[in-house]
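Shared between the two complexes below is chain A, which has chain B as its partner in the first and chain C in the second.
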Partner chain A sequence: MDSFLSNLVPIIIVGLSLGSLFGLVGLAYTVIINATQLVNFGQGDFAMVGVAVCWALISKLGLPLWVAFPLAVVAGGAMGFITNAIIVTPLLKKDVHPFYPILGTMSVGTIAAGAVGIFTGFYWMPIEHFLGNEPLKLGGIPMDTQGLLIIGTTVAIVTVYWYLLHKTRLGLALRATGFNREVSLLAGIQVGKMASLSFVISGMIAAIAGVLCAPFSAFTATDGLILGINGFIALIVGGWGNPYAAVLGGILVGMIRALIVGYVSSAHAELATFVVLMVVLTIKPQGLFAGFMMPKTMNTR
Partner chain B sequence: MKVSRYSKGRVGMMLTVFMSLLLSSFMPSFAAEPINIGFTTDFSGPTATLTMVEAPVVEMVVKEVNAAGGINGRPINLIVQDNASDPAKAVGNAKMFKEKYNAKAIIAGVTSSVNIALKAWAEKNHVSVIAFDPQSDKLWDKKGKSWFFRSASPASQLVEASLARLKKLGYTKVAFEGTTLAWGTDTLATIKEKAHEYGIIVVGSTLAEPKTKDLSIQAKQLKETGAQALICSDYEAETVVFARALKAIGWKPFIIHTSAANLNASMSLSSPDMYEGWETVTIADSAKPLAQKVWSKAEAYTGKKIDHDEKAIRTYDAISLLVEALKKSGNPNDATAIRDAYYKLDNYERALGQKGGKGGFAVGRNHLLTAEGVVIYALKSGKMLAVR
Partner chain C sequence: MWRNRKRDLMLICGVALVGALLPLGVPDFVRYLVVLVSIYGIAALGLNIFMGYCGQINLGSAGFFCIGAYLPTMLKVNYDVRFFIGFPLAVAFCALIAWLLSYPLLRLKGHAMAIGTLSFGMAVFLIAERFPSLTGGADGITVPPMVLFGEEVGDTFYYYLILVCFFLTYLVCYFLMSSRIGRALKAIRDDEDAALALGINISQYKTFAWVLNNALMGLAGALFAKQAGFLSPSTFALWTSISVLVMICVGGLGTNLGSVLGAAIMTLLPYILVSIQEYIMLTQGVILFSVLRFMPDGIVGTMPKLFRCNSRSKQVLIEQAEQAVAL
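The block that comes next holds the complex of A and B.
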């Protein structure tokens, strides 16, 4: 029992940090889903682009992290803007099946991965721990500072996003667009701009997640896909279209992975993730936290 | 966080096309029929970073051979395919090399998992494969002639060298951290099998999935086993994660990594001070003139500084051995003659190994390097210094 308890605190910290990362990517998916009803399958590659820009600015131009990180977030937003402008909006205007723009986002992600890969030689893009390698000791328990930073950043982003959605006119417009595109148009909301904004916000959140994740284990051009898949699992486990549920879903998946690693075997963490996904799909396919903090005008179809 | 290698291969396919175009541009004009050689490795996937050093070495040697007139006037034509670290894809590549391009020999890179599948295919389809990366003991034929060869030494030799080192330093309780892929699981099995011969007890072990983000829980568990020292067999990114985890929990055991190439890469990805005092075993001897020559040539060819570890020279050995086998076969159109020619290369000088230059293949073994060829390096102030 002693061993069980002494292991529990570090396991919770690892689970929370890993889960927050997945949750952030899940949140990034949800931002677009709420505004456009589309899934951006290039989401993980948005994160990778953020890492690539941050790494390039630091290693090639010698910029400090505190300058490179915000610029990488801007690059993530730009990636979202471009994806929407060149693929999503043009296809939506042609009134094609939703699968077409979704496939388009996947194509943009693949091209981005290939382009970054050619630039980097598919080699690692290492970024150092933001606060150094020395652990922070809280109550005598050493904790990884990057993990704590991820948890704190996730709380901050969710808070800001909640404020944007619920306390601003812009948030109201975003919610209305997601609830009913046609009615929003009639109400004078520029739904095209709302879609574009959702891609920008989503790209920025993904870039933040990617750059925060990179110091854990260096990214390569193809690693966005892995992060994207885990974020998507968070979204499904938490609740489709609910940004807060996506974060909770991510944290749940992260915690389960950490518990499996801590008390069973690290070789079974991947298996556990997909078992959880299958269980959720079987018993509560709408997601475990589908109604959590759900605004009335937020579309979860 | 392992995902389908098929998905990862999408980028690799693009690169493969690019590589094929690049390689074809190196082909001088020959009137004679080219000798098609298949080349499959992972241009994408978890260990693709090794390929970035290794693939140019293969190109370099082929270009040199072709510039010098090829094999009896016939140029070597490399058919390049990405396998994305996927055994099924690698076997598909091999099948295509044989059936579409009529290739009579194949050269392959990482990983052990991929090459175990390739070996099974080679033994059945009678096309020789020579690999430059895999270390799994499952690739070691104990008897009979094989269709599979490799230039890397088997894991067991490096494990035994590691155990001997630990014994010499007086460690008796050892734990293991390694990859969930074949290299890690095979190394762990060998450690468990051989440890008692060195008076060592294996008190704990943990396997990490590729692309794992945090190993602090596993590191803490290993610490609680009472281990005095660790053996590590993991790829570069995961080694970084493990080193960081050890630092996070404030544990500094003696560590010996069974791959100098991966440890070297880890140091380039993170602060080298995290590895201070670690040791590693390798069959690459930096003092060997031929090894130095290969590194210099590879740097001149690529125009980039490359790691002075075993990656480039084991690749150089593999492609050079293949070229020699083609020459000695007397008939590069005969797959069996090429396979048999490998066994006649007793006097061929290899860049790998500490001693001697004889690197042929004896019947019943697909390599000849022995533990005497292993060099131990210690990491001090970010540099690998040979322990002689």
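The block that comes next holds the complex of A and C.
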């Protein structure tokens, strides 16, 4: 029993940091969903592009992390902008199967993964721990600094996003676009620009998540997809179209995963994630926290 | 309509005849490619029923492909069940699982269905990888040789087996999709509410398309196991679902011919690019991108537009007439 309790705190920290990571990616999906009602299947690859740029700048050009990280985030944003400009907007203008724009984002992601893969030979793109490998001792319990950094960053990003969405005119325009495209157009909101902006924001958040995650696990060109899937699971478990619910869902999934890795076995952890997803989809398809922090009129969809 | 059908059947018979005579005069490598194209053709035809005709989303087809490949192999390895019993069992088992899964999955729409099916595919992949006692684990497993009447089955017999399976599948898809069932599925794709209003039992037809799709996936998987000779879970990762999806998009969603053409193009592509193995992922991405961006109807949907200028100008005339009426 004693070892159970002494293990519990580090496991919870790991779960929180893993969950925040998934939640961040889920949030990145939700930014696009709220403005365009589209799922961006290239989201994980946006994160992967961020990691690749950061890794290339550090290991090839010898730049310090605090220069490379912002540039990687800019690269993620650029990926978002490009994806929207070259395939999503043109496809939305045509009368095609509604799944086509989603496939389009997937194709851009695949191209990015393939291109980075050729560049790196599909090998790892290692990035050092941001604050050194030495764990932080808090009350005798060792904690991974990277994990704490992820949790802190997630809180910061969610706060900034909340401020942007609810306290600025731009946020009002973004919310209105997602709520009703035609009426927003009538109200003089530049709907196309808002969609583009949502892709940029989403790409930046995904890149931050990717670079933060890279020191944890060896990232290869094809690993973006896995991060993307976990983020999407977070979003579905949390609640469709609600950014805060996506983060909560991510934390829930991350916690379950960390607890299973800690007390059962790592072999079953990923499987458990999918089982949780299936159960949530069966029992409550709209997500566990669908109404969390959302005004009544917004969560009817 | 009927004349078209006659022409199509002649075409199918012609291709089947060429396929049947092929082993006589070509190198083994070509035969191997024909087998691969047929296997992926079956898979693409199956997925096309659910996605192209019924308009739903299935990203978990690799899961059923995996079950179809592993079940007969494991039955043979562990219980010495013959392949000829294992094959139908695998197809039936896939159909059964699909039917059971249809209750939670087919209630979902759009994105939720996409992630639901995708998660099933991932779960099967993880089971194959993480439970070595059940499947041989990440190291993979060698498929034992196929035995018929006490003798090991030769390549030629196997070639004909696959060819027969492929043409039967094509014929079934062809007749089914031009029948009442096919029309009902198309109606569901085009407008679910309108289909409901016409008295089409939507959930029943969706379940039918889903079960048929995944049973065919299982069949393709079972045939693939023997062909590959060695199974490893990485073959059945998410990427397999996506590449079958790319096949039907390249050929043209909602056309049987397109599925087979797409399967042929996407299967043969790696062999054309065999010297630059690393470029395959990029190439597949570029192909998917170009098809979506420049010819969203796929090859089969776009070709008539390119070659028959008449019908196009006719369409312009019709549009002008409609506009005139509207004014």
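By our rule, the second predicted complex is superposed on the first by the 292 of 301 C-alpha atoms of A that agree within 3 Å, B and C clash if a C-alpha of one lies under 4 Å from a C-alpha of the other, contacts with A are read in each partner's own complex, and residues count from 1 in each chain.
One rule holds in what follows: a contact is a pair of C-beta atoms (placed from the backbone, for glycine too) under 8 Å apart; a residue touches a chain by one contact, two chains touch by 3 or more.
The model shown is predicted, which means the values in this text are computed figures rather than measured ones.
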Inset, instruction - Kindly say whether there is room for both chain B and chain C on chain A in the superposition, answering fit or clash. - result: clash
Inset, instruction - Have a look at where A:Ile229 lands relative to chain B and chain C in the superposition and call it first, second, both or neither. - result: both
Inset, instruction - Using the touch definition from the top, say if A:Val275 reaches chain B (first), chain C (second), both or neither. - result: second
Inset, instruction - Classify the contacts of A:Ala267 with the two partner chains as first (chain B alone), second (chain C alone), both, or neither. - result: both
Inset, instruction - Mind working out whether A:Val39 is in touch with chain B, chain C, both or neither, as first, second, both or neither? - result: second
Inset, instruction - Check whether A:Gly114 is in contact with chain B, with chain C, with both or with neither, and answer first, second, both or neither. - result: both
Legend entry - Partner chain in contact with A:Phe99 - chain B first, chain C second, else both or neither: second
Inset, instruction - In the overlay, answer first, second, both or neither for which of chain B and chain C A:Leu91 touches. - result: second
Legend entry - First (chain B), second (chain C), both or neither touched by A:Pro285: second
Inset, instruction - Residue by residue on chain A, keep only those touching chain B in one complex and chain C in the other, then list them. - result: 110, 113-114, 117-118, 121-122, 222, 225, 229, 267, 270
Inset, instruction - Going by the contact rule at the top, pick out the chain C residues touching chain A in the complex. - result: 51, 55, 57, 104-105, 107-108, 110-112, 114-116, 118-120, 122-123, 126-127, 130-131, 238, 242, 245, 249, 253, 278-286, 288-289, 292-293, 296
Legend entry - chain A contact footprint on chain B (complex, rising order): 1-3, 7-8, 10-11, 14-15, 18, 43-45, 48-49, 52, 180, 206-209, 211-218, 220-221, 224, 236-238, 240-241, 244, 247-250, 265, 268-271, 274
Legend entry - For the chain A and chain C complex, residues of the former touching the latter: 39, 86-87, 90-91, 94, 96-100, 102-104, 106-115, 117-118, 121-122, 222, 225, 229, 232-233, 236, 240, 267-268, 270-271, 274-275, 277-278, 281-282, 285
Legend entry - Footprint of chain B on chain A - complex, ascending: 3, 7, 10-11, 14, 17-18, 21, 110, 113-114, 117-118, 121-124, 126, 128-129, 133-135, 142-144, 147, 213, 216-218, 220-223, 225-226, 229-230, 258, 261-262, 265-267, 269-270
